[in-house]
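These notes open a run of structures that come right after.
In the two complexes below, chain A is the common chain; its partner is chain B in one and chain C in the other.
Take a look at the complex of A and B:
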């Protein structure tokens, strides 16, 4: 019996749908709108300096080397998180993990597409909303468009990317997304002040 | 109807706009813009509270944040009761309800005022002397009676329905204080274009310009100039202006905490408005323009209602249009009180006399007072105030003694001089310096990038203040780094002072009549009822340091932080000690400057935002099934899945039996998961775990143990090798973050030469454990690309493939002792794959099981749980896990610790099994174990029960225990003494079910 079961193939197995956390949730207050963004492909990329050029070429985006910066090209964004660490987000449904897999240069690429949830915070009060729980200076001088940082919001870790003058992308781990969305919603109500 | 003491046309409020309020149940009328204090004074009400210790009647001392006496309860509704609100700060709104505190049965008749008569019993050091003996008094007297009699106000007894907001902010220049100095500094800084925040605690900017009728700036009345200047600042994009905002704490690296009171002044605040907003500001430069606070005169019965600071009376008149009496006396040791007398006289208020302690002062204010026909007495002291619930007279005597004269008055305005507010400067760790000439402490050496300007810096005169502040504001902006070339010059024009008032000097300490030879109640600290005599007594009883005097007498320890009392107390202590003031020193100023609500500190962190609640991808399914959840760290985990009519025991028994009979599904998503990647991955694993890893083939798994440096077990988990350079490591749920930190710490500090990186993948993968004899039958139909046969996928192996069309890392492993699998799928697919597996499982009669059944099943097999069966003092040997330590290994974290003599000594506590003699008895986890139950109490305890359950599969109770000599005592009978009798137990092995382990392939 057991053997029969073991040999059975799954050619007819049904494919299952994806159920992202907080899918489609939105919230608006004076001056700010929150929206849970669609799923994206993501990798955590670690590599020494010597591998950066080859990885940049393979990924099609020049990995940033300056703290608190990011680089983006063709729907793919690389956030500098540390001297040898990047978060690569692909919103064009192309798999950065596969792009790295072809390389032999020293690196570590780990798929984390499902680990993170992204929330967009947009509007003139977007920075104030985030500053309700994030101690970073989000003025345009200190945190210009393209600036990125692994930081905190209230009691949890977030990855923060400024996508436009009044727009941010907040990434957090899946199970913290409820906390982050609730925190931002509560903060949004007071952000226009 | 205009209130009795409101002077038509006086002050800045629109007297036609009235607001009704009540105090102690009596209705009154006030005016929009009033504080509760000004509104009560307009109605002739001075008596507003009872003092802390003696329950003496008290009135308003001040018109601002330094108020020690007028503390009231403001009540909006049953849940919104705020005690200890300073009536001088609380803005009036229509319908405000306030009541007095610290009195019974009524404010005018308080039985506890007997404490005033019995005051010799409540002398300095009372707290230290009294609460010593007898022991029984703690229970019968001190706690129930004295605590109740003391205390200030009553804490609300319902949850706070308001919400509180928070904001981090950065700026180039933070200006604290919005008087003339602060505004000038902010203007200068703002005009360079840098980011400026200007904060002031009052509703209106202007500081002392509120009462200084003689100030004229840029051709305008000083207060009007302030409003114009602030309007200009508000209109600038680079400036944030915060009123009703107190900078309460100055922390490291120019980090300043401010609380903005957003809605306490509103009649019916919108639900969307927070009550308060906490601002945590990081500033490149801080300009402190915190002003100065007037001191009272220290004389007998100087606390009678109606006796107040001269500047307060002037503020009530010039800003609020309120006369504090009809026939006021003035007692002063400097010029500033003259200005109050002059303003009141001009407004038609009778001024009975000015009593000036100085011998022959001269100056324009004195000439003006005389010209207005006010009686002026030099070289005289007020030695006593008459009246009880309200001052009725002042008794005047030449300061070196002589005939007394009693003058009837209904208010006394006093001024002993001005104390620079160096609180925030001192909090910034700056050192104050004593100016012997002006007898005041002013900022000395700075510790942070800040500057003090104006009165808080000891700068006298409006003109000098504005010059200093304007220059400081411009310099702060420049130092903060003005970005645009050429913009470092101030564009606007410096405010021009046309007329100003100026005074300094005054006196410190007790006035004549309250000197060393007297026993009168001349109050130094009103809020804590500390008199001049108390300070002297503290010195006489041996206190030498001002810090000791402070604590012995409680001078300056009330919620007003000694704003009016510290300098007087210090001067009296210095005089008694016969030392100069700087040698006695000043006590340290600490945050908060004024009381801060808990709500503002808590901010958003309440309810669902108190702490993150983490839920797995499969959580919604479990919720729908009616699972009961338990908290594991921040995670919610399904504890058990009760069916209709089942209690926890019945559900767990059923789940345990079903898993062994057919199969069960378990959500293991919370397990910590770390991907270890790089050519040196195996080398790294060798160093972090006790086990050997180099020879583990890709596709195989191993149970790993991680130690701390001391040789004790830190964590454990199954590790799969996906590729030569890639491991999928699992950790305990609770250990996930610290294990990651532990590994990263060693990698970065001890093994930086290794080419390996760690990535947390805990949340990337949802994990569905399928355990039981039917587990393969349930999984196999859904799997693609993985040969599920025992030969191809033996116990402790891992394969990558697809399940339900999505990628999976499929582990063949078991935490139940049954044939088992752990299906890892990307988290967003977790619930759908679970549902597919559940549907397959239903065909076989499988169940969903929770953490409780998981615990029982693993205990039946003797599998340990780190943190439950180990406690940070357990070695692999103690836990019976020697087999998991690589014998040939020469290095790993903890290898040297494990060799310590006490870790290899005989008789250590070891983990073994216990069976109760009565199989129905389930031991209590944590219960102590003894060898001889008849020994004398206290008995020698040899260890304790770590895990204990009813096992339906074994038909009896089972337990694991950690005790001395464990494995050497197999078969022995030991005893577990409990309150209801001693339980006999037999020492056994740790495996209670399927000892041979045949079911792993069953």
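Take a look at the complex of A and C:
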């Protein structure tokens, strides 16, 4: 009986324990707050022009075709990264990989949920904080709400999404998350000063 | 900071996002096995290295990750123009002195 119970637990519980990097860390300075966002489902999507319409329909969010833009619907955000490349983030715990799996049109969807860590940077000094390590123009004219881009922060590559006038989502690789969070914390202190 | 126009992102972006990828318009032979040693040497090792206008491949490494071609002046380090990979060498350069 104990064996049966153990079997059942093994079947329902995930095979490995998930330990998100930096889980729940926060940092506040005058005018800017950093927070490590909860885990989300993510895919890296590559597809030719001909598949975009079908993929948009399956994912429930229209894949943006204009550079440096994003589209969001029902907790799911698609970021334009390149002419045939998108990052799809789902914060409603619905795996976008499963939605793509049904499709027969040519595409490549790779699950990268655990590869990335997201950090939110909010507050009036958010842009100044990110700009301390990111060379892009983050003024509202050049980088409006909804703008998204792959770029760099200090020594590492990040994906940047402006979620509101004074809020950004910084996505970086898990192994770089400690560097990014520390960098942003230091920058937040400077931006506040 | 030097700004480079990425033809895929359709805007000028900071140079830190880019990587140089060598000289452009060097076509690889479709029949490499039949290439003579002399021709292979020219294809593989010999570069023009001009003082002045050079046609280069660049990559928007930390952006759209796409390769494209750029025309740069090696003396002033000024980018005269950029164009998408696969497009022919531009016949006329904007703002070129000669």
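The definition used in the following text is that the second predicted complex is superposed on the first by the 175 of 193 C-alpha atoms of A that agree within 3 Å, B and C clash if a C-alpha of one lies under 4 Å from a C-alpha of the other, contacts with A are read in each partner's own complex, and residues count from 1 in each chain.
The rule is short, and it goes like this: a contact is a pair of C-beta atoms (placed from the backbone, for glycine too) under 8 Å apart; a residue touches a chain by one contact, two chains touch by 3 or more.
All figures in this text were calculated on a predicted structure; none of them were measured in a lab.
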For A:135 in the superposed arrangement: first (chain B), second (chain C), both or neither?
both
Would you sort A:102 into first (chain B), second (chain C), both or neither based on which partner it touches?
neither
So which one touches more of the residues on chain A, chain B or chain C?
B
Is A:111 touching the first partner chain B, the second partner chain C, both, or neither of them?
first
Counting contacts the way the document defines them, which residues of chain A are shared by the two interfaces, the one with chain B and the one with chain C?
135-136
So in the complex, which bits of chain A are touching chain B?
1-3, 5-11, 13-21, 39, 44, 46, 48, 84, 106, 108-116, 128, 131-137, 139, 141-142, 154-156, 173-176, 178-179, 182-183, 186-187, 189-190, 193
Spell out the residues on chain C that touch chain A in their complex, using ranges where they run on.
1, 8-11, 13-14, 16-17, 62-66
Interface residues, chain A side, partner chain C - complex
67-68, 81-83, 85, 135-136, 149-152, 157
Contact set on chain B toward chain A in their complex
163, 165-170, 195, 262, 272, 274, 277, 280, 282, 483, 604-605, 608-609, 611-617, 635, 675, 677-679, 755-757, 759-765, 776-777, 780-784, 787-790, 802-806, 826-829, 831-833, 835-836
